[in-house]
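Multiple structures are listed underneath, in structure tokens.
What follows is a pair of complexes built around chain A, which joins chain B in one and chain C in the other.
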Partner chain A sequence: MALLKKNKKNESATNEFDQVIVGTSLTKEAWKRLQKNKLAVVGGIIVIIYALVAICADLLPLYPYDQAITSHRNLRPSLTKTAGELMLEQEMKNLFFQAWRGGRLEVPDEEDALIEQWVRESKTNKVWDLLYERGMAALEDGSFTWSSSEQRRIDNVLEDIETETLITIDSVSADLGDGMKRIDDMSYDELVSLYAGLLGTDVATVESSLYNEVSATVSNELRANDSTLSGEDLTASIEMEMDAMGRDGFENRASQNLVAYIEQLAQRGASSDVNALISSGDAVLPYKGVFDLSSGLHVELEVSRMHDRHYYCGTDYLGRDLLSRIIYGSQISIAIGIVGTVTSIFIGILVGALAGYLGGKVDYYLMRFVDIMYGLPYMLLVIICMAIFGRNIVNLFFALALVSWLTIARMVRGQIMSLKNQEYVEAARSMGAGTMHIIFRHMIPNSLSVIIVYSTIRIPAFIMQESFLSFLGLGVQAPYASWGSLIGDAVSSMSLYPYKLLIPSIVMVVFLFSMNFLGDGLRDAFDPQSKNQL
Partner chain B sequence: MENKKEVILSVKDLRQHFPIDGGGLFKKTVGYIRAVDGISFDVYKGETVGIVGESGCGKSTTVRSIAQLYKPTTGQILFNGVDLCTADKDTLLKERRNIQMIFQDPYASLDPRMTVRNIILEPLRIYNKRGLLEKKYTEEELEERVKDLMEKVGINKAFVNRYPHEFSGGQRQRIGIARALALNPEIILADEPVSALDVSIQAQILNLISDIQKEMGVTFIFIAHDLGVIQHISHRVIVMYLGKIMEISPSDDLYADPKHPYTEALLSAAPIPDPKVERSRQRIVLEGDVPSPDKERHCCYFYDRCSKRMDKCAAAVPPLFDCGGGHHVACFLYDDKPIAEPANDKPTEGELKLKAKMEKKEKRKGASQAV
Partner chain C sequence: MTKYIIKRLIGMIPTLFIIVTLSFFIVRIAPGGPFDGERALPEAVKRNIEAKYHMDEPLLMQYGRYMFDVIRGDLGPSYKYKDYDVNTLIAGSLPNSIVLGSMAMAVALVFGISLGVLAAVKQNTLLDYIPMCLAAFGLSIPLFVFAPLLQQVFAMTLGWFPTTGWFMSSDAPLRTALLPTVALSFAYYADIARLTRSSMVETLRSDYIRTARAKGMKNSTIIWKHAMKGAMLPVVSYLGPAFAGILTGSIVVEQVFLVPGLGKFFVQSSFNRDYTLIVGVVIVYSVILIVMNFIVDIVYAYLDPRISYK
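After this line comes the complex of A and B, so read on.
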């Protein structure tokens, strides 16, 4: 508010003709120059679109990025066909291939030779596509018919497509004596008694089985971190971990498990009701409904046809929607780019400005420290960091930011050193301005253009580093995705399912390209004397 | 006559030595550039003191030391009786208010990212924030002050929102002057304020400075290369050479009757804007170049190049001799006159310290070589 008022007052200065006179700052001029650079503008727009899509991912009509449907594994991307049609197509491709192997499906001799060669070169996709084309033609003109077992397999698929439904639980509530309450809001004790009531056992049994489950998870985690643990060591470590977790930690973990179990029970209980509704024809899919189960659970759920889904970017090896994984992955990738850059700029400016302005011993020791950090192989440092502190996203941010402020610190120091001897800084000193005043009012604003340019170039570098780590399996962990981890997952099945590699790669490359164009444009805009302009 | 004037600033044996760093892994001081090597002078309230001399003679260093942009190696700078060199931070801040600077390059001395308003207000804001002004100013009062100052230096006050790059050199220098005036200082140190401007603008700026002085009674210390400019604006002139004062004299006196051989040579080098006279001008061409200021000297600083050098010039540093009428000359040609300042042959405290340090170092070096 105060700022707005101040701006208004600033614009009140008028000349003798009552025209408001507003100065054009260097930043404003740079902005004007940037707008003339078409490539940079296009790059900027693309970057903004990416950012918007990533931010609004939750609002977009996407399938959950971590929902795996087994029968939808490795479906190719298609704009028109539903998952069911693709499943059928895949099944038929397999059958045609078997028929060709068995000699029942006949193709011209030269094509036979070609297919043989493709099989040797394991160009499976080409074989499938050709045989599918020939087989469909043969089916059409009646020269080939399915055998009874083949027909049965096709019918099975068709029936699955027709009948299989996907039930999504929106919420489960139960009456614990004081009105309906959602299980997400229940305390541990309430959950335990509810679950025990549902199973018909007593609370103690439930608690002891929960304890076993949690300690099994802990043991898995421990062994994942240190594969040499075994026997008594492992038992001792588990006990230590469980003690460290405390009662609250245990209840937290156990509650999560319990919620999942109760939802499973509710789904199982509701599915018969749902199926009855569907087969009676009362419900039109997709269907949204509320069920009161005989066990006392109150379930709100959504039912949709499982194989009606459209996968515009295909699915991965677990049957998860690739489009939604790419969009949610871009959230993580872009966030790492931005957070890493902001953190490294913050540290870099602080260190660089202090070293550059104070000079002398401070400068010497700070810069030697930077030199030493430079000397360390920084990817190794990041990998060690990730190994020590555990693999999660926050640690990834931390580890990347820790080693990436060095260049910025050096750059800012150079800038500050050249600005330090400018006359306006001397003027400020002669007016009694303090060190902080000079650094924050004169030096940083004047070196900001360089910093902005550098940071736009840093963001792609961060995304690349994160992708590299994820590719190696050190970055984000499932079920989360990032561009790097999607590409890393796709590499193993590159020849069979090239789309899994290509789509995330293209998405990533387009973003990096735009970001680089924007950075170049900014550099030219802030430095009009630069010689390598278009 | 002089006694009636009130001394506002007194510089006593000011020395400013800059260390020369040797190469190598660990920076080691291998010597000193004696930019200013023991100068003393007084400045009286309301006058303009011009400092002339060729490049590298220590003019700028002198005013920057006075403004405390450099910490002087040794010596005293007494402003209204307070020694700025030894003053603590708060006192220095309080006194600094009365010593403001105008800089040489109007392009470099204004922050390109600030509007004219912010540039002129910067000193006011700094002092206002700490409550060192007569009273706390409100934003509106500061705004008024900016308008006043802009009017005073002759810039359209509608331009407050503009940035320095939207002005011409002369206008920028006016902004620089407005900034220097913002705190109502008693002394303004002008470090070659007109050298970067073209001649017509130079005249405007000089007139502006004279007007301001008449109006506000500000004392000026004015540096210029141009002897004509100095003659036009100064009441007294200090001639410097190699970090040392050669001659101090009332302005008219100096131009009419230069006493020091160096001043004679300097004045003879100035072109005269009259072709007839210019053609008959006799130039005194000095032999040799300005020696490097990195050596300690125990003779007259001008000895190497002087056409009138004598044996005793090589033996001692000449003190300032009083030739009457406020005219002081550092030359043994005027040895029969009384000495203006007590001779300062003795090394100062700083010099002694420095010497002790060097000796220690030498000794250590010798010891390590012996090992």
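After this line comes the complex of A and C, so read on.
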């Protein structure tokens, strides 16, 4: 062992003063250069933060991104006020406005004129804010009091805030003869027998109604994809789909429905107990409790005041928490960006490597094909595909990945062509290595740094394209969100609710900024020569 | 040169052919047709309508018929806008899109090139940092964020410009046109400025510029006459993709600023499955794009004497 080490030392290079020269690899050198680039480092840190938040979204204390609370629609973002206080504020703003219209709330003349002008220009927010300020002051000094009907409306809101609760089911379990078991872990048969027992009917009835439900869902899905289907065609296709689904597929879908039904039953069953607890004052909200229902279900649930929520980024038009929508939207946007880039790089490497290595006719035809694809207005074709083949994440991803491999193919081809005549490739060939082996074992790894750098630059472009489609309503569909769809939803109401546009925009732009700086920095670090290219 | 142009012109035909064929078949193999509204039509009525538009024929025959019409310059009747044919619809909206697009392109070119050159000449001064910061911003902010933000800030909050509308039919044309043009051109300004700066910096370091300086030429002559020609090459080759981007970008701008252009038809017709209109719009867009690419290539060949017109 010692001998080996000594040998190694002897082999290492020395300079004219007999000092050992420590060689640095290209990667190390690049890493050093990257660290010197402050902007790129900051960009990298921000990208890592985004990635961490997006990955850990499920662990963060967020409200569910698809939970819509009707009374929380369009609440403005607030760091201090709860949803209830904002609801009250909104109600009062409306009432103050009506009072001002009716002449009961008096403001100075010049403000009257100003408000009139704002109303004409539909600057609703300014009108509300000013009247709220004046109205609260008037209430304070007693020059304005609520009429009885107004007082009643305010009291209603106050009562709602005080009493309305939100029950979240954490888990439901039941005893099926062999101890408590959570319904999530139950098999289809167990679920059916449990549900039948709860409803007091027999298993066959439950199964037949489940079959009907699943086939109704299938029929809806079919018609969503192809609105021409009707009558016999539809029946035939439903049967075909159900056959294709098989027993396992059916049980899977049916189990999902059953779990939802049993949870509903459990919630309904527990709600009277919960209400009793709350009204007796034994439970302090938010309350976490375990209930054993008379039906034999064992429920763990959480009760919280519905209107005690804090919406730090406001809510959308359905009353969903914008903060959690943005974070889950980041998850989708970033995931599409990364997965799409990786896919397009795979296709690009394959085509580029084949064209570059094989050369000749293969190269000619592959590259002519790439040229023609370059000439296509491909974003338009993607839009058509999305509009026509259905708008879901998978289609979106394929449509984008299929058109974005062109540049990488050209790049890899160039790399491969320049590597083709290197000695080590010749050596490999002379030892009898196959084409595929040479390409994927020797050449691709050697051009990988260029590819990786390029892909960092591609990710923001990919995210922008995805968001562009989502903005047009052709990308990610509700209840899911992406940056683009959040911005697209907000555009129509931006004068009334500017925060809905601003917050997702800022989140998105900061990410793209950091990603671009990181990409530029990586490119400069790995390939200082290329600094002058875009 | 003439031979080169003719060769390029002939080369455009297969690309166009592929585009027409591809879009024709994509819209038709997809499920759903233009006459499937909310309300199902009676079978007989539907068959009659389909017969009227030759949709009962085999697909290949429809394709042949359509190709024949397209070659004659007839893009067919629209399926959704009754009594209109695609030619009329496109003729009505295309000019607006073209005006908007070319204004945006002009703004991007003028500001991108001049500020890029300025930044290259005054390297590492404030005159370099400010335009380049702006460009970095333009690179990262997507159009569909930038356009609504512009509208929100300058039209709604400050009230300096009208929020929506089209300048050709408004009484304050310049003010109406400004926001959509700026929105559309910003991203391309960013790219052009960055490209111009980097290639200008490189060109200014080259030997022939040093020779010109040694001869005692005026700085402005060196920059605008000698360096410019070489430095513009990457910018010119970027213009092809830029035109494509402005075409798709105008869809967003037209939607946000309610400009009556072609983009609106495009998105709507894809939703409506208005086959002829979709393919028609794609053909028009592609022709514009291909012609632009062609012009770019010619200009490139003219600027770079190393390229031989084979």
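Definition applied: the second predicted complex is superposed on the first by the 434 of 534 C-alpha atoms of A that agree within 3 Å, B and C clash if a C-alpha of one lies under 4 Å from a C-alpha of the other, contacts with A are read in each partner's own complex, and residues count from 1 in each chain.
The rule we apply is simple: a residue touches a chain if its C-beta (ideal position, glycine included) is under 8 Å from a C-beta of that chain, and two chains touch if they have at least 3 such contacts.
In this text, all values refer to a predicted model and were calculated from it rather than measured experimentally.
Enquirer: Let me test your reading of the model: by the given contact rule, A:25 touches which partner, first (chain B), second (chain C), both or neither?
Expert: first
Enquirer: Which partner, chain B or chain C, touches the larger number of chain A residues?
Expert: The partner with more contacted residues on chain A is C.
Enquirer: Is A:71 contacted by the first partner chain B, the second partner chain C, both or neither?
Expert: neither
Enquirer: For A:428 in the superposed arrangement: first (chain B), second (chain C), both or neither?
Expert: First partner only, chain B.
Enquirer: After lining up the shared chain so the two structures overlap, which partner does A:82 touch, if you call chain B first and chain C second: first, second, both or neither?
Expert: Neither chain B nor chain C is touched by A:82.
Enquirer: Tell me the contact category for A:304 with respect to chain B and chain C: first, second, both or neither.
Expert: The answer is neither, since A:304 touches no partner chain.
Enquirer: In the overlaid three-chain picture, which partner chain does A:467 touch, first (chain B) or second (chain C), both, or neither?
Expert: Second partner only, chain C.
Enquirer: Just chain B (first), just chain C (second), both, or neither: which does A:267 touch?
Expert: Neither partner.
Enquirer: Does the superposition put A:384 against chain B (first), chain C (second), both, or neither?
Expert: second
Enquirer: With touch defined as at the start, can you tell me which chain A residues reach chain C in the complex?
Expert: 121, 123, 225-228, 230, 372, 375-377, 379-381, 383-389, 460, 464, 467-468, 471-472, 474, 484, 487-488, 490-491, 494-495, 498, 501-502, 505, 508-509, 512-513, 515-517, 531-534
Enquirer: Given the complex with chain B, which residues does chain A contribute to the contact?
Expert: Interface residues on the chain A side: 9-11, 13-16, 21-27, 422-424, 426-433, 437, 441-442, 445-446.
Enquirer: Enumerate the contact residues on chain B facing chain A in the complex.
Expert: Checking each residue of chain B against chain A gives 64, 67-69, 92-93, 96-97, 99-101, 103-105, 108-113, 115-117, 122-123, 126-127, 143, 156-163, 165-166, 176, 179, 183.
Enquirer: Considering only the defined contacts, which chain C positions touch chain A in the complex?
Expert: The touching residues are 14-15, 18-19, 22-23, 26-27, 30-33, 36, 40, 136-137, 139-145, 148-149, 151-152, 156, 159, 191, 194-195, 198-199, 201-202, 234, 238, 244, 247-248, 251-252, 255-256, 266-267, 270-271, 273, 278, 281-282, 285-286, 289-290, 293.
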